[in-house]
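Two complexes follow with subunit A in common, the first pairing it with subunit B and the second with subunit C.
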Partner chain A sequence: MTTTAASVRVSLDAATRAGLDALLLSMADDEFVIGFSDSEWTGIAPMLEEDVAMSSLALDEIGHARALYELLAELRGDGNDADSIAFDRQPAGYRHCRLVDGGRGDWAMTIARRYLYDTADAARLEAVAQSSWAPLAELVAKLRREEKYHVMHVSTWLERLALGGDEARTRLLAAFAKLAPDAATVFAPLPGESVLVAGGVLATPLSEAEARWRASITPDMVRLKMPMPPPAVAPERGRLDHSDDFRWLWTEFTTVRRLDPEATW
Partner chain B sequence: MIETASHPSVTRAHVLAALADVADPEIPAISIVDLGVVHAVIVKDGGVRIELLPTFVGCPALEMIESTVRDRLSEFGRPVEVDFVRTVPWTSERITPAGRAALRRSGFAPPAEPADVRCPYCASARVAMDSAFGPTQCRSLFYCRDCRQPFEAFKPV
Partner chain C sequence: MTDEAVRDRADAGSDEHAGGEPFEVFRQEKDGGPMVHGGSVVAPDALLALHYAREMFSRRGESVRLWVVRRLDVHELDDLDVLAPPLDRSYRKPGGYVMRDKLAAARERAGTSKPKASSGGRDTTGRKGSKP
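Moving on to the complex of A and B:
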């Protein structure tokens, strides 16, 4: 299944290609890891409708990851396909952000993580949607139309837990206390980012996307009396350090690949 | 759309008629033609080239649609090429009027903003969204307060 113009690599200098590589990998790994984490709710979510919804969200994210990995595979042109990029790395080689690195946790943790990630991802996608690199701008235009439903859905849940009585709010606040310090790692600076901004591949630096994200969630945080996420600690390591929770998830999602690399669906 | 009928026995109309038998497995009520998934049909140099637009980026049905199209067109005995095009986004506005009517007949509300969704059974506007996510990525769950029927509505994208 070929999907993009063959001219993906045309007219990109080496520095831009390296920057794009880092950008695509970070976006794809974020979607891939949160998608797999959320797929763990399939069959055990708190209610049937939510079981269906969370499975559908997870499927969206893994599908988005696949499209981004495919674009990355075309950019690299080294013969390795999307599956190879997704499954053939050791855990230390993944570049997802710290926000999505922890385990699934309880329902409040999942909702808090999804809220922080989906709102941050929306701000990041806004910066990428205006990319001067057409293959990325075209893909992101499609992703944004689907992601808006994620924000809509998780915002409803955030409100439900924040206003839903003692236990729900206590658990949500505990989840925020754990996750919010890492929320801004979605915008952790990327190697080669300045080259991407200079060339218009990124419309704005990620730090500006972060500022827009903070402005976008402020009304929710005020209305629901939730604390604003603090700036990320050590943002330069925001995509480099992974937890045992992630290493466990990695063993799960690479099981089939490691058993039989040639397996097809 | 480009159209070049160079072989007398296979025309673009033949190919479109054949594609009218192919449905998205998640939306069996309407064909991929009425769904607006067929971007281009090119009959040229004895071969057939079909360009399709994926609905949702992560839609798990894409490969099945591709192989069904290939199977259905194999009867023409010509080389068949099927490609997915990403440069043009599929939007729910591409669903044809006939497709929207067929969805309604099957109990699905065609894509509309939530405030404009009508019950496909009784046409009531007194409906509420239960969940933005239904059994597939492309649908939401609704409930009709008049005929008390739960139903699914396609998401506008």
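Moving on to the complex of A and C:
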């Protein structure tokens, strides 16, 4: 990275730093949680090739989370590293959105969640890519190159399930009915968001990113005769309430850390 | 982790190519290099075959270009006997002509030494070739 966060940190006022903290944490936690959820397919995905593909995609998300946590650690500059942010919180301290909170589910659920998340994430990344904060803009430019492929891959799967016969379509519509009401929580308002927008750290408010996301998925939804996701219910709590499924996932992904905080590999 | 997904995968495994049909994957390791056969993937269509080829043959950046071809579109010569020459063909190969001693003698007569490999000249004396 050409601009270090530490050097930029000093030029940020406290309100902007707080807003950036919330933004980075929300993005990193989203990637981290969906990455771990999808890694639950390793070994049992519907076919061998997709097993490798989904595992690789899940690892991409963990990599994105790691890069975002690292940037957050630099921003905070309090001596806690990326691993500490990722693993040393209680479940209630995570700020991922409700869309990715519900656990893996069946294949249709995974594809529906990935489609909704990846397309929404693309719209969010577009707003962040034009950030006036150079370290974030530079990182997001790299993330978008991998996320482009994620959208490509999951879109082909969405189409296969939507047009793939009765059982596939029924399962997909059931998954959509469960997940789509939470899809817009990706854009749930963040504390300090207005400060970020005023300073150009976020190029547009997340609500505008949501509008762009809706426009971007409309052609797919029309072509595949799928319902458009409704607005999020209680968006202000979109990143605060977590399910038992997430608490179970938390016990899984913190197992090693809780056994031995010094463990390295 | 014993759940429906495990059974689904096991069921799929009993049915040959349940996930689609085989595609042969060709990859280029660096720009300008040849496309070489890398292996195969099973996929329902060419688009997913390309996605899977990316994951199998380039997720660690091993390839700069990928092709997939339906295995059904690959045609194999069925009479392998025509590939096995029944008679001695060594006379077709440059290796059939041993030039080294003659060349050494000619150089001695001319009073020149053997050119160095780095001089740009290609010394193919005694080299075994495979072209007819």
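Everything below uses one rule, namely that the second predicted complex is superposed on the first by the 258 of 265 C-alpha atoms of A that agree within 3 Å, B and C clash if a C-alpha of one lies under 4 Å from a C-alpha of the other, contacts with A are read in each partner's own complex, and residues count from 1 in each chain.
Everything below uses one rule, namely that a contact is a pair of C-beta atoms (placed from the backbone, for glycine too) under 8 Å apart; a residue touches a chain by one contact, two chains touch by 3 or more.
As the structure is a prediction and not an experimental result, all values here were calculated from the model.
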{"item": "Superposition on subunit A - do subunit B and subunit C clash or fit", "value": "clash"}
{"item": "Subunit B versus subunit C as contact partner of A:R258, first or second or both or neither", "value": "neither"}
{"item": "First (subunit B), second (subunit C), both or neither touched by A:K225", "value": "neither"}
{"item": "Touched partner set for A:D106, first subunit B, second subunit C, both or neither", "value": "second"}
{"item": "Touched partner set for A:I44, first subunit B, second subunit C, both or neither", "value": "second"}
{"item": "Touched partner set for A:L139, first subunit B, second subunit C, both or neither", "value": "first"}
{"item": "Which of subunit B and subunit C A:M152 touches, first, second, both or neither", "value": "both"}
{"item": "Partner with the higher number of touched subunit A residues, subunit C or subunit B", "value": "B"}
{"item": "Touching partner for A:R160 - first (subunit B), second (subunit C), both, neither", "value": "second"}
{"item": "Partner chain in contact with A:A53 - subunit B first, subunit C second, else both or neither", "value": "both"}
{"item": "First, second, both or neither for A:H64, with subunit B first and subunit C second", "value": "first"}
{"item": "Stretch of subunit C, among 6-14, 24-32 or 96-104, that runs into subunit B once the two complexes are superposed", "value": "24-32"}
{"item": "Common ground on subunit A, meaning residues reached by subunit C in one complex and by subunit B in the other", "value": "49-50, 52-53, 56, 149, 152-153"}
{"item": "In the complex, subunit A residues that touch subunit B", "value": "1-5, 49-50, 52-54, 56-57, 59-64, 66-67, 134-135, 138-139, 141-143, 145-146, 149, 152-153, 265"}
{"item": "Subunit A residues touching subunit C - in the complex, by the definition given at the top", "value": "40-41, 43-50, 52-53, 56, 106-107, 149, 152-153, 156, 160"}
{"item": "Subunit B residues touching subunit A - in the complex, by the definition given at the top", "value": "54, 56-60, 62-63, 66, 83-87, 89, 91, 130-137, 141, 155, 157"}
{"item": "Complex interface listing, subunit C residues touching subunit A", "value": "1, 3-6, 8-9, 12, 18-20, 41-44, 47-48, 51-52, 54-56, 59"}
